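Labels run A, B, C, D and E following the written order; every chain starts at residue 1.
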Amino acid sequence: MSTTQSDSAQVSQFDLETTPGQGGIGEAASGYWERIKGGDLGALPAVIGAVVLVIVFGIMEPDSFLTEQNFANLLNQGAAIMVLAMGLVFVLLLGEIDLSAGFTAGTGAAILGVTLTNHGWAWPLSIAAALLTGVAIGLAIALLVARLGIPSFVVSLAFFLGLQGAMLLIIGEGGTIPIRDDAVLSVMNKNMPVALGWLLALIVIAGFAFFQFWAMRTRKKAGLPTPAISVLAVKVGALAVVVLALIWLLQQERQRPNAPIVIQGVPWVVPLVVALVVVLTFLLMRTSFGRHVYAVGGNAEAARRAGINVPNIKTLCFILGSTLAIVAGILLASRDNSVSPTTGGAQTLLYAVGAAVIGGTSLFGGRGRIVDAVTGGLVVAIIANGLPLVTQKSGVQFIINGLVLLLAASVDAISRRRAAATGR
Amino acid sequence: MSTTQSDSAQVSQFDLETTPGQGGIGEAASGYWERIKGGDLGALPAVIGAVVLVIVFGIMEPDSFLTEQNFANLLNQGAAIMVLAMGLVFVLLLGEIDLSAGFTAGTGAAILGVTLTNHGWAWPLSIAAALLTGVAIGLAIALLVARLGIPSFVVSLAFFLGLQGAMLLIIGEGGTIPIRDDAVLSVMNKNMPVALGWLLALIVIAGFAFFQFWAMRTRKKAGLPTPAISVLAVKVGALAVVVLALIWLLQQERQRPNAPIVIQGVPWVVPLVVALVVVLTFLLMRTSFGRHVYAVGGNAEAARRAGINVPNIKTLCFILGSTLAIVAGILLASRDNSVSPTTGGAQTLLYAVGAAVIGGTSLFGGRGRIVDAVTGGLVVAIIANGLPLVTQKSGVQFIINGLVLLLAASVDAISRRRAAATGR
Amino acid sequence: MTQAVEGQQRAPLLSLRGINKSFGAVHVLRDVDFDVRPGEVTALVGDNGAGKSTLIKCIAGIHPFDDGEILFEGQPVTIHGPKDANALGIEIVYQDLALCDNLDVVHNMFLGRELHSGITLNETEMEKRAGDTLKSLSVRTLRSLRQNVSSLSGGQRQTVAIARAVLWNSKLVILDEPTAALGVAQTEQVLNLVRRLADNGLGVVLITHNMNDVMQVADSIATLFLGQMAAQVRAKDVNNTQVIELITAGRSGDIGLKPREAAEAGVA
Amino acid sequence: MTQAVEGQQRAPLLSLRGINKSFGAVHVLRDVDFDVRPGEVTALVGDNGAGKSTLIKCIAGIHPFDDGEILFEGQPVTIHGPKDANALGIEIVYQDLALCDNLDVVHNMFLGRELHSGITLNETEMEKRAGDTLKSLSVRTLRSLRQNVSSLSGGQRQTVAIARAVLWNSKLVILDEPTAALGVAQTEQVLNLVRRLADNGLGVVLITHNMNDVMQVADSIATLFLGQMAAQVRAKDVNNTQVIELITAGRSGDIGLKPREAAEAGVA
Amino acid sequence: GDDEPTTSSGGGGGSEQTQETPAKVGVILPDAASSARWETADRKFLGDAFKAAGVESDIQNANGDKAKFATIADQMLNAGANVLLIVNLDSPSAAAVINKAKQQGVPVIDYDRLTLGGGASYYVSFDNVAVGTAIGSGLVKCMQDAGNSSGNVALLNGSPTDNNATLFKQGYEKAITDAGYTVTEDQSVPDWDNTKAGTIFEQMFTKAKGDFVGVAAANDGLGGAVASVLKREGATEIPTTGQDATDEGLQRVLLGTQCVTVYKAIKKEADAAAQLAIALAKGDTAGADKLATGQVEDTETGEQVKSVLLEPQQITKENVKDVVADGFTTADKICTNEALQKACEENGVSG
């Protein structure tokens, strides 16, 4: 029925599509620009938000905000929120929520504190115990949500209350447990030797480059279109510049004048966070499990009909969420040098959810990435870091905090509205 | 093409459907039973939850829990949560959330306190000012959510922070504002004269009866099938018994032995809550606005295509939510005789959302009723009322609180799971 | 189809001129012209993904279009959303139906235009009218008008959507694949209804992949080919095979796109 | 259709015996018996709301049924969910498609059964195979395999769902109104595919309202009438009119429900 | 990195700060919720004192968040503070801050709360257990005045997460039981939340059928909640307590709905701390030592910390005027309506 013309049309219609275009840098750049115009922004709004905040605070408080020391502080301050948010990404991707994650972090810290300080366990044992507690909490929540079908809001609200109580019982009313273990303390209080810092930078850049080229080779072998080599080179180059610049900043001496000690190097928490990002991103983007998480969040019924065991996926996500919350709790304990019933808690949770959402994760499930937690967490951390420099009244700080959050979110929202208008 | 048989089949298939069956009580009862079996439970799980809790606490603490005094306490303690939850029902019906409602309540209380106590305004003026603040807050949230399209979680998180700050600024950090106005205080601290209490009972029963019979007459006139008169009579009779019993309980003297004063009568807050339930239920169930709220929550795109102004509906819902939050704040202020930065707040909000959800409101929009807020609020209030009687340790209280919440929610979840299995 | 000849001279009810629409980088509609005359059934046909539904959604104001003009009764109009379309007297049945699953059949049918007595909803009146309309569409097996649409079968849902659109006194009714899920008898009824509406002087646009239906009821046939309007012709001037050629190749003999245009459309 | 005669003697691949299913108080399926033989296309027809999709969902384990038995290759089996059905070798295209809007075409086609190399997903292999399958279904205008299915047209979505089902080496393929939204050429391709699958020895169940399609490809025709199986007959034994009578009245001459049964089904 | 110093934080490493840094004091207040004093009194008094001495100061509130506490400390050290004056949220977290500061040669003053195991240079405070004792003995006096030398007493404690609440409770529980009363009800109020306090106390009251001779409430906010329940239940004869001498507390004391509150002469405490800090900021260690004449033992390390210790004062109707005289509040703020004006007159509150 069809003429040769329409046949050729068919082929060309259908061949110009598989992901990356064949063209060079120019084409790649214009493609990216089209995507941006079309509203496919990825992490851009959060990154822009962070940059704007840095500029504003930098102008207002150049002497204290724009210092190497403050940059290192910032990373330390944001780490726990980021890790908590990474865990929440899994739960949010399902379209569920875990209100108890803040207190899960606290409980993890409490278990760490009790076993480490009161019972004198070795730190690997203590950390294992804390992580296992996280697995148990996640499993319990998931059983109730995925098997019994109770809404996760209610289940995690119940755990919010229950874990708060458990923390009080573990720590004792009004009590505090000091952390004195050097290994645990060093995560948030020590820095990598300078050489190791450079090695870290190298591994990150080389790993990224290797992965990019390897993926291209596979596609080429399969006869699928690939982007030009030059595009990849530019990508790798850009990453290298950013990573090297940041690491270089952290390698500077940053103690105050005449201080008796030298402080320099990448804080130990940085490689931890980087490792988590890489592993979890791999899990979400390159494995069946990750694919199924997105499917369940996008359309649980379709996922079920595709033969995916939806309760199992949910269970794993909640377990991941709670376990990462425990990691965040351990970071908090390390940073505070102590654990008390206020460690973690409701505010921490809200900031973490806020971080994930600002980063671009949807609360309705199906959309979000691990790096969202990092970029969003960075925004939240910058706000928390910069505000006390700018104003002293806590009432005013709360208000500005809210305003900045709103601003960061509107960048995202406005761009996504444009995206919706263009039909994505 | 079709034979006479299939024609008659067609008619009979299509006529046996319009809502209430024609039959007598027996048929109505069995119809109700079918609905329950089919999983259409309405408020039943929450009611059962409440009854079970009353029985358990009643057995554990018969002398203090099962007293007229405690019953009156319960109503007072639960009122603010119920009103806050009613407001949240509107927001939740849309599939949105208002995390700031707790602090909106607090802000309302603060405005009331400042104008009333510090500026000596007359109470109607103060209340008007507070309510207007609520309208403004709701409007602001709605603008950002409905027009700019920022997720309500983020917007209300920002308001959560901002209003917390505003409260600190209004009240003065760490300060307290006493409430001394008799009119405001009497809502939560005084009771109706006994005669008025009976009148209230009468109005409720007569109003319900009138509405039922009027609705039946309209349907009959339109030639649509109606339930038998006997069914209505039983309904009205059952309501009358329950209402009269409750009012009678509240009419008893309930002061402690040898107290210098007499305490009896229906607390003033009861008619207020009843009036709100009636008015808001009417709004949701009997007006276009209410219908559109459900439509937007069920399928916003379908609602838009039906020509509904979705942003307007959202705006009104957020305004209602915030304004009712202010009412809840006024109740809190009246009950506490004072306002402080802890009035309202995050916990209150979580309890209110919990109440709405336990009552049967869905967090994903489209399902929920005003009475859900009352039944769910009752469950939450009973827990808060009974727990301090049973144990003194707050750690243990938190845990039990969580457990009971979970239990109440599982009744609901398990029954709804059955409903899903039968395809509703 | 015979009535069409008389109606041919009447001025178009709806005219689209030079409509262009892109989703991001994808150009879905290119310079589309389209006319709907009152008293006629205009069939809009085209291959899967040709852009039919997109065109309809542009008319409804659901998708803003990038470029072009809409004339309604000869006047240029701007349609910012479904509300504007309704106000002009345009009723649309969407391919993806767009019903509120949590509302019952009656509520869905009157959604956005509820009947009132005073400020309260007039449920009895709505229930009666909904029942009458559905009966006229030969709906069987629908258990209850008070059943949520989530529990309806595919065909039942489609019937509700159609019934919803014909409840109102509109000037233009657009139906996007209305009979796709319908049974034999129901399809017949809907085609009758379509004809009846046109005979009553309304403009009707019918999107369908079923050539029998097209030939049975259409007065005018518009063919979209890869986002371009290949041709809008009188139904009596073409036969089944020609239409199919227009759909699959963008041209047939000397009607349709120029060879060069068709090839371009294919490549771009 | 000619091949059917040879296949007629083969034992049923799937047999349903006395299936009953109620939604709350509504009895949707009553004592349904249904047989699917390998190497045959079995058409399942019935009016809107007759219970066709519900029957399919019972086979898939999506709805648990109240009563009755499923035999697969002669053995009684219990199917608790789609996973069990897949394990038996049953592939289903649902009427409501059930795609994940937030995933792209390739991801949707391999959902639940992704290809791996090591523990990582083998995206290149999946993309290649998805492209090949879609091309064989005559899909045009699909811009990219990496486009989210939310941006597809109705027909494109349907094609993806069909392509998904035929990717696998299954024993039984069930298609619930697969051609409802398809264009002329695509419909032709799908019907060819259906025939081809049966000729390769698979059991195929085709639900459709299009009598032409039924007559064109079916070997056996099962008619549901208001939840009852009115008759399952050889396609060559009946003509178009008889099938339509079965659909609308539950009987035709001496095939179908007894007059009393048909009336009862109507009333209950 | 094991040979690295035990901190990742330090002072302003910015090159523009290499010149001689001026005297600058950083103050970290704990929160805004546990008590009114931090924001309404301490901030003002400390700020005034520093301003008067021409010393730059930065006063921040950690809002109960330990991470924020540490962040603020980082920022202050970073911004070049050369003395820190901190109110800890708990000992170990503050110890970490002190440690950091010490490594950078910045002395730390523990203000109001001693950081156990922290090794702060100085300590300025009211003793929290002593504050509790003041609440308890005040209540005992009230109960005795009402003619009850024995009977049941209810305790309404501060937040279960707050160590100060625990210390307060130690004080008043001991004073009450030593005087021969029985503690029958004893509950903590999460987050010092007044609304929760109302419900919790209402339920205690219901359970005991009002059979109390007195109620110990840990601060004026909780006292207010107790008073409103007692009023609703018609049991205003039962005495209750508070702490902080807030305006509302004082008003209730004048009206007789609260029997006693505890006044901590915050101005004195603040001034003492400020003088210490100013001396240290100017490098005058000897001068500082002269001010801190007391000694308090750090129970964790056994070390003695040089201290300035102040006495809390019980406030009843009769000595409300002392608080006004002290400049802590004004008669205008207290005597706001007729009943109060009358009570003010009777008790000599004026000016």
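Please note the rule applied: a residue touches a chain if its C-beta (ideal position, glycine included) is under 8 Å from a C-beta of that chain, and two chains touch if they have at least 3 such contacts.
Which protein is which chain? UniProt says A, B = Xylose transport system permease protein XylH; C, D = ATP-binding cassette domain-containing protein.
What you see is a predicted model, and the numbers here were worked out from it, not measured in a lab.
Common neighbours of chain A and chain C (chains touching each): B, D.
Least step count on the touch graph, chain B to chain E: 1. Averaging C-alpha coordinates per chain and comparing to chain A, the farthest chain turns out to be C.
Across the two candidate interfaces, B-C and A-E, the one carrying more C-beta contacts is A-E. Mean C-alpha position of chain A lies 39 Å from that of chain E. If you average the CA atoms of chain A and of chain D, the two centres end up 44 Å from each other. Centre to centre, using the average C-alpha position, chain B and chain D are separated by 47 Å. Look at where the CA atoms of chain D average out and do the same for chain E: the two points lie 75 Å apart. Those residues of chain D in touch with two or more other chains are numbered 23, 139-143, 151, 184-185, 226, 244, 248. Those residues of chain A in touch with two or more other chains are numbered 1-2, 6, 9-10, 13, 168, 173, 394, 423-424.
Shown for chain E are the residues that touch two or more other chains, namely 32, 39, 61, 160, 188.
Residue ranges on chain C touching chain B, taken from their complex, read 60, 62, 81-83, 85-86, 92, 94, 98-103, 107, 111-114, 116, 119-121, 124-125, 127-128, 131, 134-135, 139-148, 151, 184-185.
Taken in their complex, chain A has these residues touching chain E: 63-64, 66-70, 72-73, 76-77, 80, 168, 173-179, 185-186, 188-193, 196, 252-263, 265, 267-268, 332, 335-338, 340-343, 347, 384-385, 388-389, 392, 394. Residues 99, 144, 148-151, 153-155, 157-169, 173, 346, 350, 353-354, 357-358, 362-363, 393-403, 405-406, 409-410, 412-414, 416-417, 420 of chain A touch chain B in their complex. Across the complex, chain C is touched by residues 23, 26, 46-50, 53-54, 95-96, 139-143, 151-156, 159, 177, 180-187, 209, 211, 226, 244, 247-248 of chain D. Those residues of chain E lying in contact with chain A across their complex are 1, 4-14, 16-18, 21, 32, 39, 58-61, 63-68, 70-72, 74-75, 77-80, 89-93, 95-96, 103-105, 117, 159-167, 188.
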